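My questions all concern the structure below.
In this document, chain identifiers A, B and C correspond to the written order of the chains, with residue numbering beginning at 1 in each.
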Amino acid sequence: MSSHAVNPAAAATTGPPGRAERPVWEEEPTRISRVGKPVVLAIVFLIIAFPLYVVVVTSLSSTEAVTRAGGLVVVPRDLTVAAYVQLLSGGVVTRALVISTAITAVGTAFSLLITMLAAYGLSRPGSLWHRPLLFVVLLTFLFGPGIIPSYLLVNSLGLIDSYGSLILPTAISAFNLIVMRAFFMGIPNELIDSARIDGAGEFAVLTRIVMPLSKAVVAVVGLFYAVGYWNAFFNAMLYLNDNTKWPLQLVLRTYIVQQQALPSGAGGVTASPGLGLTPAPSLAIKMAIVVLAVVPVLLVYPFIQKHFTKGVIVGAVKG
Amino acid sequence: MTTVDEVTTPTEQEPAPAPPRRRPGRPNWRLRLRRDWPLLLMVTPVIVLLLIFHYLPTLGNVIAFQDYSPYVGIRDSEFIGLANFSRLFSEGAFWSALANTLTITTFQLVFFFPIPILLALLLNSVLSVRIRTIIQGVVYLPHFFSWVLVVSLFQQMIGGAGLLAQSLRSHGFHAVDLMTKPDSFILLVTFQAVWKDAGWGMIVFLAALSTINPALYEAAAADGANRWRRLWHITLPGLRPVIVLLLILRLGDALTVGFEQFILQRNAVGADAAEVLDTYVYFEGLLSGDFGYGAAAGLFKGVVGLVLVLVANKFAHLVGEQGVYSRS
Amino acid sequence: MTGLGGGSSNRRTFLSLLGAGTAVVTGGATLSACSSDGKASSATGHAETEDKLAGLLPKYISYEPVKPDLPGQNGADPGFTKYPAQLQRALPDKPVTSGKEVSAMTPLWGPLPPGLGKNTYFDANNERIGAPVRFNVVNGIEYGDKLGPVLAAGNVPELLCIPGWEISGQTRFSQAVDKLFEDLTPHLAGDKAAAYPMLANLPTRAWAYGVWNSQLKAVPFPSNGLPWALYYRKDLFTKFSAEPPKNMDDVLALGKELTDAKANRWAFGSISDEVARAFRAPANWRKDSSGKLLNKIETPEFEEAVAFTRKLFQSGYVHPTVVGNSGTDQKPLFEGGQILVYQDGPGSWAEALQRQLSINPSFDMQAVTPFAHDGGDAIVWGGDPAGIFTFVKKGVGEQRIKELLGVLNYCAAPFGTEEYQLANYGVEGKHYTKESSGAPKLTALGSKEVANTYVFLGGRPEAITQSQYPGYVQAMSAWQNESCKRFEKNLFEGIRVEAPSKLAALNQPFDDKLQDIFRGRRPVSELKSAVQAWRTGGGDEGRDFYAKVLSDNGR
C-alpha cells in the first residue's frame, strides 16, 4: 500500500534541506525513539496522504480498472482522464465549478476589502469610539445568532435563492479581522505619523504605507477567506432552493456523501449493465468530483504555508 | 485560535500612546470626530454587516418565547412565555441530543486534545528540517478541507462500499461499514476531527515550544535533569498558558461539536448516536417549520455556551492564567 | 448520510404511506394541539364525507381519446397494449397568452435533466404552453426537507407540487395552505371546470382530496391507491434459478441464496412495508374484537413483521448502503444488480425500464404478486384516491390564475393525446422514434433531456400505457388486478379525513426508532416502549379522534 502514496501537497511544500544540530547537552536518542519516531511519522503521513492518493488514482481509472479492482483503485493501470473530460464538458459539475469559483472570488475580494478597512480603522490608538466598536466585533466570538433566526433574517431580506446569501452572512470573520488589526498595530507609528505630516489622509496612509508593509498578512487572511468560501456548503444547503445554483461542495455532498444518482448532464452513466460487478454509477466520475473540490485548496496551500512561517500567525502567538 | 493572545487582551495591547492623539483629560469628542471620521467610515461596513447578520438575528431569538408562525410573522405571533422551553425540557429527544453533545465533547477533550501537543513534541524533536517541513505541511493540510470532503474521503476508505470493506470482501471476510455503526460513532467522529484538525492544533504548540528559552534546558541538563524531568519541569510549564487558553476556548464550544460533520452523517448512524444540539435545532426546528421551538433549543445552547466560557475564564483567572479575555 | 435530511423524507414516508390508508394526513397546524393556533380546526383533525364536499368539486366530464384494451377491475388502472396510430390534439390554444415565464417546483426521483435553455424537450413543451416553464427540480428523496423552508419562507413558485406523504412532516400546513395558495373553488367548482376539460376529466374522488379548510386548494394527481410494489430482477433470478417468494420462508431462503457480498450483490433493499403487509398488519387502523380501534403499530402482526425485517438486516441480506442510510436512493443499486429485490412506487417500474432497456436489453424486472407470510390469503393496503397535489400561488391575479390552470390543464391531458405524448416523450423524430408497433422509443437526446417534470404538475387519469417495453403493460395490469382484489377493507371508505396534526408529528420519531430496531441499533424489545411513546405522545388522542369520526358516520 505504502509504496504508492504520493501526495501532491508534500511535493509542493518541501522545505529547504538541512538538519539542525542536536544540542551538546542533550542525551543520545534511545533506540526506541530512533526506530519509533520515523515509524510514527510515516504512519501520520500515510493516514493523511493515502486516501487522497486512492481518490486521485480512481478518478483517473478506466471502467475496466475500476471493475477489476472491484471499486476503488490502488494500483494505477491504464490511466485516463475520461472522467474529467465528461465532468468538464458542461452540465451540473461544470456549472457548480464556475459558481464556486465566482463566489470564492467575489466573496474573498469583498471580505478582504472590508476587513482591511476595518482592521486599519480600529488599529489607530486612541481614535474615537474604537473601544466600543472593537467590542462589537469581539462580542461576536462569544455567541452565534442561531440557525433559525439567521434563516428568518436572510429570508426577510429576500436573499433566499440568491448568491448574496452565500457571501453576506459570512463576509466577516472576527478572527481574521483581529489577526489583521494586530499586524497593523505592529507597524511603527512614526511611519504613519510622518506620512500624515506630509498631508496624507487615512485612506492614503492605508494604501501607501500600511498595505505595502502588510502583504503577508493580507495574503494569509485572503486565503483564509477564500478557503472558507470554497469549502462552505451549509449556507448553500439552507438558502438555495434552486439546485441549478449549487456550488461544488453541495454537488459533492449530493453525489458522494448521499450517493444520489449522477445527473444526466454530467455525463454520469446512471446505472451499468451487468451482473453486479460494476459499481452502479461510475466511481471514477465521483472521485473526479472529489478531486475537483480538493485541487484549489492544494493550489493555494503552499502560499498559506509560506506566509505562515513568515510569522504572521505564529508571531501573534508568540506575543 | 492561533492569535489567541490578541483576543486575550484586545484592549491592553495598545502601544504607548502617540503624543498628539491622546491628550490628558480626553479631547472633546467633536474634535476627535473631526479628526477620526475617515477611520470611522472605514469601520462602518464591517459594523453594519455584523449588526445586520449577527446582532439582528440574535434579537430574532425572541421567537423562542413565541408560538411563532412564519405565516403570521414575528410581530403578530403570540407570546407564550417559556412554553417552548418547557416542551423542550420534556422532550426525550432533546435530552438525548444534549447527552450526545456532552459525551462527545468530553471524549474529544480527553482523546483529541493531547494529540496536537504530542505531535508538536514529536515534530519538535525531529532534527531534519526537510522531514519536519514535509510532515508539517502534510498534517495541517486537511484543516483546509471542507467537511463534505473529509466525510467523502472517510466514506471511500472505511464506508460500506469503501476500500476497507472492498478488500475485506475480496479476501472472503465479512465486510464492516464503520461509517454507520452507532456504537463506534464517537470514535469515528473523533478520529475524523483528529485527522482534520490535529495538525492545525499542533502549530500553536510548536510556536509555544519555540518560545521556550533553550538556555533553560541547557541549565537543567547541566544540573543532571534527564529528558523526562526537563519535559515535566520546563516544556510543560512553558506550554501551560496555551493549554489553559485552548481548554477554555474548547469549553466555550462544548455545546458545539462540528455541526457540519454531524449534519452530514446523522442519517447514516441514526439520531440516537448522532443527534447533537445543533442538528436537533436544524431537523426538529427548521426542516419541520417549527421555528419557535427550534429557536428555543438554539437559544438554550447559546446561553449555556456563553455561561461555560465565562465560568471557564473565571477559573483561569483563579489559577493565575490570563484566559481568553480580561478586564481592561 | 443524507445527513441533511436527505433521508428524512424517506423515513417519513413509511408511516405516512400507511396513514394514507384512509386519510392523507393533512391538517398540519401545530405540533401541540393545545397551542393557540386558533382558527386551524385541523390542529385537532377534521373529517367530512366526500359527498358533502360535492359543491366545491369540479363536475366530471369524461374525455377518452382512446379505449383501453385491458380493463382495470376493483380500481386497477386500465391498460393500453398499443399506442394509437393517430394522436388527438386535446387543446387547440396555448394556455399562457401573456407569454410570461411560469415558475414551478417538482420532485424527481432520478438524475436531473439539463435545465431550461439547454433542453429542447422543455422548449418543445413550452412552445405548446405559450411560455417557458422554469422548473426547480428537487431530488424526491429530499423534497420534504426543502419544502419546510420553502413554505415557511413564503417563497413559493407559481406552481408547487406537494406529495401527500410530505404533508405530515410540515408544521402548520393548513396555515400555509391558507396563506400561500389560491382558492381554486371559484375557478373550478361545478360547471366552471368545463373551461379546463382535462381537469374536468379527473375523477371526483381524487378532487375531494384537494380540499383544505373547506376550499378547493389543489389539483390532485389521481392514484389507484396501490402505494408500492415489491420488485425483483427477473433476469437475475433466472440466472440464479430463483423464484419470486410466496411466503416468508421463501424470502429468507432467497436472502441466503442470492446474497453474495463478495460479488457485490445483496438479495434485498428496503422491504419493511412489504413485510408488514405480508404479516397482515393493517394499513392504518382496525377494530379489534371489542370494537376498539387499534393502530397498525399496536398489532401483534406488526411486531412479528418488525422482528422479521430485523432478521433480514441482521443476516446481512440487505445491501450495506441501505443498512447505512435509510434514505439511500436504491434505484441505481437495483438497476445495477447490487440489489435483487426491493419495494418502490408503482411508477418506478416503467421509469426503470426506460433507463435500463437501452443500455441493458436483458434487463427484466417484475412485481411480486402480493403474498401472505404463511402463504395464505394476502391483504393489500389501499391508499387515497389522490397522492400528489399541485398548488397555485396566492395573489398572482385573476388572469394569471387562469393561465396557470391552463398549464395544469395541459399537463393533465391523458394518454392518446398529442400533449400527453409531448410531455412524456418529447418530439417525434427528435426525442423519440416510433417503433413498428407505434410505440415511442427515446433517442439518445431524449434519454438525456426528457424527465418527469410536466408530469408532476397535476395529474391525469391513471393508465398503464408503456407498451414499448415488451410485456410491461400486460404484467403491470395483471399485477394491479391481482393486488386490487386483495384490498384490505377500509373503515373510513368515502370519508375525507384531515388527521390531527399531532398524530402526524408522531410518525417520524416512531419511524426513527423503527429504523434503528431494524438495523440492530436498538433491541426488538424497544418496539414496545416506542409504541408506548407514540400512544402517550398523541396516539391515544388520535385513536379517540378516529373513533369519533366512525361513530359520527354511524360506523
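Heads up, the rule we're going with is that a residue touches a chain if its C-beta (ideal position, glycine included) is under 8 Å from a C-beta of that chain, and two chains touch if they have at least 3 such contacts.
The chain list, named the UniProt way, goes like this: A = Carbohydrate ABC transporter permease; B = Sugar ABC transporter permease; C = Extracellular solute-binding protein.
No experiment lies behind these values; they were computed from the predicted model shown.
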Checklist line | Interface with more contacting C-beta pairs, comparing A-B to A-C | finding: A-B
Next item on the list: Would you identify the chain whose Cα-based centre sits farthest away from the centre of chain A?
Entry: C
Note to self: Centroid of chain B to centroid of chain C, CA atoms only: how many Å?
What the structure shows: 43
Next item on the list: For chain A and chain B, let me know how many angstrom lie between their CA-based centres, rounded off.
Entry: 17
Notebook entry, point to check: Just how far, in Å, is the C-alpha centre of chain C from the one of chain A?
Noted result: 42
Checklist line | Sites on chain A at which at least two other chains make contact | finding: 70, 151, 238, 253, 257, 279
Next item on the list: Send over the residues of chain B in touch with two or more other chains.
Entry: 70, 151, 155, 161, 169-170, 263-264, 282, 286, 291
Notebook entry, point to check: Hey, what residues on chain C touch two or more of the other chains?
Noted result: 1-4, 6, 149, 152-154, 264, 321, 325, 327
Item checked: Of chain C, residues touching chain B in the complex -> 1-8, 30-32, 35-37, 144-145, 148-149, 151-154, 169-172, 175-176, 178-180, 261-262, 264, 316, 320-321, 323-327, 505, 509, 512, 515-516, 519, 521-522, 533
Notebook entry, point to check: Can you list the residues on chain A that touch chain B in the complex?
Noted result: 7, 9-10, 12-23, 25-27, 33, 37, 40-41, 44-45, 47-49, 51-52, 54-55, 69-72, 74, 114-115, 117-118, 120-122, 124-131, 133-134, 136-138, 140-153, 168-169, 171-172, 174-175, 177-179, 181-182, 185, 189, 193, 201-203, 206, 227, 230-234, 238, 249-250, 252-253, 256-257, 279, 287, 290, 293-294, 297-298, 301, 304-305, 308, 313-314, 316-319
Next item on the list: Can you check the complex and tell me which residues of chain A touch chain C?
Entry: 70, 90-92, 151, 155, 160-161, 237-238, 241-244, 253-254, 257-265, 268-281
Checklist line | Contact footprint of chain A on chain C as seen in their complex | finding: 1-4, 6, 105, 110-115, 118, 136-139, 141, 146, 149-150, 152-155, 236, 239, 263-265, 321, 325, 327-329, 331-333, 335-338, 355-356, 359-360, 362-363, 447-449
Margin query: So in the complex, the part of chain B that touches chain C is made up of which residues?
Written below: 67, 69-72, 78, 80, 83, 87, 92-93, 151, 155, 159-161, 165, 169-170, 172, 174-175, 177, 179-180, 182, 262-268, 270-273, 282-283, 286-291, 293
